[in-house]
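Next come two complexes, and both contain chain A; in the first it sits with chain B, in the second with chain C.
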Partner chain A sequence: MSESTIAPQHAQTPPQPGDLNDQLIASDFWTDQMLAEAGIPVVDVPFVTFGGGIGSFVTVDYLRICGVPTSAMRVLTPLKTPWESYEYLTTVSQIPRGERLRSDSSSCPDNIWGFPSYAIREALQGDLKQAWNVLVEPIFANYYTPRAGHAFESMEKEMYRIRYPEMVVNGQVRMVRRRVGGGYFTILTPPEGATPTRRIAYRSQWVHVAVGYPGLKFLPDLQRYRNEHNDYSKVVNAYERHEHVYERLHQRPGTVLIRGGGIVASRVLQRLIDDRDQRGLQTQIVHLFRTYVDRPHGTGILKRRKGADGWAYQGFNYPKSVWGGQLKQQVRKSEGEERARLYKEMGGTNTPVRRDWKEQLQRGRREGWYRVMIGSIEEMKPVGDLVEVTVNTPDQGPHTGTFDAVIDCTGLEADIREHRVLADLLDHSNAQRNPVGRLDVQRNFEVTGAQNGGKIYASGSATLGGPFPGVDTFFGLQIAAQEIADDLIAQGFAQKLGPGRSTSQWWKWVRNKQI
Partner chain B sequence: MLPTLSGRIQTRIFLLAVVGSIWTLIITPVLPTGASLAASYGATFSVLLVVLVLGVLWEFLYHGIQQFRWEKDWPTLFGLLTGIPEGLLVWFLFAGGAIPWIDSLPGPAFAIHFVSTWLIVWLVANGPMRVPFIHWRINGGRLI
Partner chain C sequence: MSSATPPAPLTGTTGAPATVPPFDQVAVRVAPGPDLVVRLPGVLLVVGVTNRPTGPAAPAAKPALVGWGSAPVPAAPVAAPAGDAHVGELVALCRRVSAAGSRAPGRRLHEELRSWLGTVTDPPSFAVTAATEDGLTLVLVGGGTAEVPDLGLRLTPAQGEKLDNGTLVLDRFVTWPPAALHLSAGSPADTAPHPLADLEAGAVPGAAAVLSPAPAPSAPGPTPAATMQVRLPAPHARVPLSTVKPPAPAAPAPVVPAPAGHDHAGHDHAGHDHAGHEHPAPAPVAAQPPAPAPAPVELPAPKRSALLFGGPAEAEPAREPLPTPGAEPSSAPAAAEPEDDRPKVKGILCKNGHLNDPRAGFCALCGIRTTQQTAVLIEGVRPPLGLLVFDDGATVSLDMDYLLGREPETDERVASGQLRPLLVLDQTGGVSRHHAEIRLEGWDVLLVDTGSANGTLVAPRGAPGWSSLVPNQPVRLTPGMAVRMGGRQFAFESPHGGF
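Our next item is the complex of A and B:
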């Protein structure tokens, strides 16, 4: 994985040739002369995307299909492949390559048309059950979702088809600044020793920011426990590597406290119960919900989400129509308070209904090794080999118990300022925050306020709260890519993707013909 | 599918007018209508027209039903099964003589034509449609 896209960096290094100087760091606008004086070499390219994860990949994919040559784009990234960071996160949160993601069949980051969808591709390879599944879902079957490995392998194929590696420049982006006379400079720090200078500047008319999650945020009690007791092994967050927890339960029976009501909690529970079933373990599970959902809930008869046994149930991380239908249109037209209200109505932690999960938990309840608590953690402290946890329950006051491990499955995201490049955009490029505090983007995913004879675009999690809700998803990234491509087409950078070009490009995709 | 009301109507009109017409042109000569080719085409295109006109009204009902769904989606299966009430209504209109310019249309010919057209339109709407119209699926099924 790339630590760099997940965690903030604060490394201090002594001055080297071609490095940033105080004048550059302090100035909102840079001249070509300022860079020349600092000895930073300048590379000209019309379009730069950085982050280099799936957000960069699908955007470049779309633009390549719209006829933009590889020479006109550069991907600045510390990642080896576009899915490296994503695969790290899915693997640690218990979705290795063979397991299924929580993603729609036609959300295909390797195929801008979403056709043939993953389910149909599996059916074409002989697994007809998957085609039946998408025919009858979600009424007579749970939503089909692709295997993680299927998504990564198909992206790899597309990566070579569009000659993506030719556009990749390895390194870490430090900042973007506006250029006097128009356009932007993107400062790249290449790997140490790879170039004669410490920095390289990319001078471009367009910049695309796709840096992924600004960082992970832990709940205060978890942070406090770690600070006070310096224990990173018994109390873990599910987005961190925590394989040792499962291994320890293999060595001796234990009791685990799970916190959270989302997809990660579901997957971690499945892992624990699979281990019980397959390895004959005696793991006891206590599951702590802060909000216990026992029935369908919502703001009215037309806005009622399913729920039971503590969980709020929803196929994907948003109601499906945010990716194209009614909700997408409604949010797109909304502003300010109304938009915040719409986000609130469809928000809240939720998990998909899956028959195998329900069966496991029902069995656990019946046999007594899966118990549920409602409340919030008040205190955690180590007691010998165990952790003593005090939970404050709403109706019965505090409860104390000891556990072999606590797996925190809440997935809070850090403030966008935690990411150095995003913080720099706020401080020096006139970027703004949206009503939920993330990076404000327009309907075309242009960063509000940063125009300078060119545009900065942004997609992904950093832009949540904007006119399109499903930003941090496969299809959401493609929708952003389409909006960005349409805007670039209007500015003459790419060719229009009308029915003729779209069909002929799709046919090339089908034949895996390199473009 | 994730349609908006106007997307539903536009998609209905486009698919029946284009895909439905092409298919009707192809299949009509082999239908057991027992009539001349001209009369057969008259009958099958009348069916297509009635499905299209009534279909626009049906879409309002489907849109209403969709409002009770949290996801505000329209499952693939619904798009297939709604062919049953729609087909029956159109058949009753033809069989009951409510379409004045058509004298008679044998049941088997109607069934083969309607079912095959419905299936093809449904299949195209659930995948191939996205190939030429790259914006269609994210615009709630709107074409303009």
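Our next item is the complex of A and C:
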């Protein structure tokens, strides 16, 4: 339905000055001449990063510390701040600034040294409990994670320290193509009316792709429900704004169906139960698992993962040794099938253990307002003010129930092809897919097969399945930045970060001295 | 028309438990006589007033005044009604039970009568019947009888029980007979009631009352339509009425403002809960071929149904827009011209072709990142821009402009369809008739206080307190913003826009 309403305008795109032409779109390699003919202005800058999220920020941060001037780098992004997207996702999935993140934080995106860490900084500000926590975790305490707001604020400080805003160019990156004679062209579409031409080309020797998640993918049944019933309010995804669900439960009691068994589900449950406790609500919760984990599981005695009550428990999305232990080495050395198998083994939906939240669920089970179902959703349709959901259970056939709201906590990521720039890389720049189906990168995070007298680097979630597993975490982004910086240093773009430079830079960081 | 028999057994005999028998819709014919016939909603009473209970011999008043000759005074009938306190008590009791407003007062009447009879030593003769959920309750005392001549049925107190104080009482629940039911207090009904006679409500002298069996289109043409048009809808009106009626006891509305302009108050209905007694099914008086007058009957019926439809909307105003989220795909295009009349807005397309707020980072429909796509503004049909969550849990999907207030429908822009009315009921009376407007502009939702008496307060999420709106100055609603008008409050939530 939504497509049909907008079809007409598509046909005619008025020719604007400096737009892409068919020849450019069809060519894998571009010459300077071709761009000149198309009227697209060319800007020269050695290093271009686009995406503009935390991935870009961390990489630029590293390079700035390695002495690269701001004039040598450009960040092409539609985002206003590096953490805009991240903050949106954490906020809607119930981790507002005051809450603690649930992902790995063994690194700080604002501090390449990782020292002092978030916990130490919190301790220095007087919260000694956090320092104690990191000392005894994870045996006597749950893993420490920083507050979301803490991460954003410290990033903001670092952003101004490295003069990040000077490097930002606002706009959408349309594509990256290889240049005849070496290097790349990155086509940027600035906001309408901001520039005389529709596109601007950035000619650079290195390009860094940090577009992050290609996007979320709402499950087909959710999309179908929205399309058919034009109802965006009762069936929601946890990664979109759904405050109205909680608001309504506050106004009158209701029953909610939660779907999924990952971090977000745990977070949404905690929100629902917090509301229940604090506001004295009578919310009933039905939790739908597709796969129910009732016992520890794993492929070997040393690779066991705790599990109970439907949840698979793990401190972070991967086993901790992915970031620095045997698993990191094992994956780094693996290729192809072997790597895919390792990813499959250590991956899977899981949730960190949190005592407060486990206590809540236990109470819910005991008092009967938290119930669990196993199965998959067959159909959803609105019935008056409620949603009627038919669940297909593996052992008891279809069940039907009505709910005030359905919160879908399954975090499906779209295929990398869903992202136009990544798809263009696959189609025109000889980029490859890795064993897991994402963008294949080397150990130095350069995109395999795209070398052209320069390199395209990629980091973040799009490269999941590479030689380093935890790429979509703060630490993963920083590892990538480190590898990329090392590679660029080797090519002479940046200065080596030896002990002397590192120490002096660290002191500058401590004193918050702008560089 | 005359023998509209099919409906007769339908409601009459079976006494289907699902609906309360349309007791108040059937005709009650009164045979002339000295006793008193009282009809109240749900209750029909025939009470003897000729002093029969005290014994026929007693009333022969002895004019013992010196100097006075005995006049051939018909003293008994005149004096008795006023003097018999028990009759008064009985009528008052019936009136109280009827006014209590139960849909079917039979059971309650039954109980109250029993306790009353226990306190009275020599009750008057009477016969009373009242509607119950699935039939009638009958109480006969003294000379009271209940007869169904067509079926050869007859009940007298002799078939009942004897109370402690010696009163013979027949007191039972019966099925509503499918033929006319004669109630009398013992007076011989020598004259049959006029076929067109009909007592809708009130107390009149009479010897017997004949309760028609079941609803029938007995529309007595010549009689002023005032009575019948309300109670006896034309047969074709039966279906919509019966479907509409049960959920909404919006009774006075459908009855009183009937455009025929009849004076209903005069019928002693004022103050009663009409809802319970206004029954949907028509009432064919099968026994009596009614006077032929189809037109006056059929005319008012549609009006009545129209009013009934209007009724619920008034009764539950805050909920009125509830169906919109779900029903919208069908209703919106239906209300407007197909397709093109829907409001357009310029937005960006996600990769899968869904129109989105240019500020949104993720598609509201499929969740894909919109930031990967060149932000070309495209005009398309605007999706709902969010919703209002009221303090009673009702939600309103914002797909067009709304006028909020106590009587939003009285605004001409609402009448013209430019604004959709959103009734905000407030017990405190703090909501003005036209209180505020919700305007959708582009991807923004604006709130304008239209000069309300008590003002409108807003509080963005996390704000420490409320701030007052300047009248006629639009304010953009941000997700999570709370709005207060009078004693009511709602919050705005939206999947669009930033956070």
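Definition applied: the second predicted complex is superposed on the first by the 498 of 515 C-alpha atoms of A that agree within 3 Å, B and C clash if a C-alpha of one lies under 4 Å from a C-alpha of the other, contacts with A are read in each partner's own complex, and residues count from 1 in each chain.
Quick note on the criterion: a contact is a pair of C-beta atoms (placed from the backbone, for glycine too) under 8 Å apart; a residue touches a chain by one contact, two chains touch by 3 or more.
Because the structure is a prediction, the values reported are computed rather than measured.
Participant: Return first, second, both or neither, reflecting whether A:N392 touches chain B, chain C, both chains, or no partner chain.
Facilitator: Once the two structures are laid over each other on A, A:N392 reaches no partner at all.
Participant: If you stack the two complexes on chain A, which partner ends up touching A:S502: first (chain B), second (chain C), both, or neither?
Facilitator: The answer is first: A:S502 touches chain B but not chain C.
Participant: Count the residues of chain A touched by chain B and by chain C, then name the partner with the higher count.
Facilitator: Partner touching more chain A residues in the overlay: C.
Participant: Check the residue A:Q482 against both partner chains and state whether it touches chain B (first), chain C (second), both, or neither.
Facilitator: So A:Q482 only meets chain B here.
Participant: Which holds for A:N21: it touches chain B only (first), chain C only (second), both, or neither?
Facilitator: In the superposition, A:N21 touches no partner, neither chain B nor chain C.
Participant: Given the touch rule stated above, what does A:P138 touch, chain B (first), chain C (second), both, or neither?
Facilitator: first
Participant: Mind working out whether A:W113 is in touch with chain B, chain C, both or neither, as first, second, both or neither?
Facilitator: first
Participant: After superposition on the shared chain, which partner residues are touched by A:K306: those of chain B (first), chain C (second), both, or neither?
Facilitator: first
Participant: Check the residue A:K217 against both partner chains and state whether it touches chain B (first), chain C (second), both, or neither.
Facilitator: The answer is second: A:K217 touches chain C but not chain B.
Participant: Go through the superposed model and pick first if A:P319 touches only chain B, second if only chain C, both, or neither.
Facilitator: In the superposition, A:P319 touches chain B alone.
Participant: Return the residues of chain A at which the contacts from chain B and from chain C coincide.
Facilitator: Touching chain B in the first complex and chain C in the second, no residue of chain A appears in both lists.
Participant: Show me the residue ranges of chain B that touch chain A in the complex, using the header's touch definition.
Facilitator: Touch residues, chain B against chain A: 1-4, 7, 66-68, 70-73, 75-77, 80, 127-128, 130-135, 137-141.
Participant: Could you pull out which chain C residues touch chain A in their complex?
Facilitator: 322, 325-326, 328-329, 339, 342, 349, 351, 353-355, 361-369, 371-381, 383-384, 386-387, 389-393, 395, 397, 479-480, 491, 493-495, 498-499
Participant: Note which residues of chain A are touching chain B in the complex, please.
Facilitator: Residue positions touching the partner: 106, 112-117, 120, 134-140, 298, 301-306, 314-315, 319-321, 323-329, 479, 482, 497, 499-500, 502-503, 506.
Participant: Flag every residue of chain A that touches chain C in the complex, lowest number first.
Facilitator: Within the complex, chain A touches chain C at residues 1-3, 5-6, 9-10, 78-79, 84-85, 87-88, 91-92, 172, 174, 189, 191-192, 211-218, 223, 226-234, 236-237, 239-244, 247-248, 251-252, 254, 382, 384-385, 414, 418-421.
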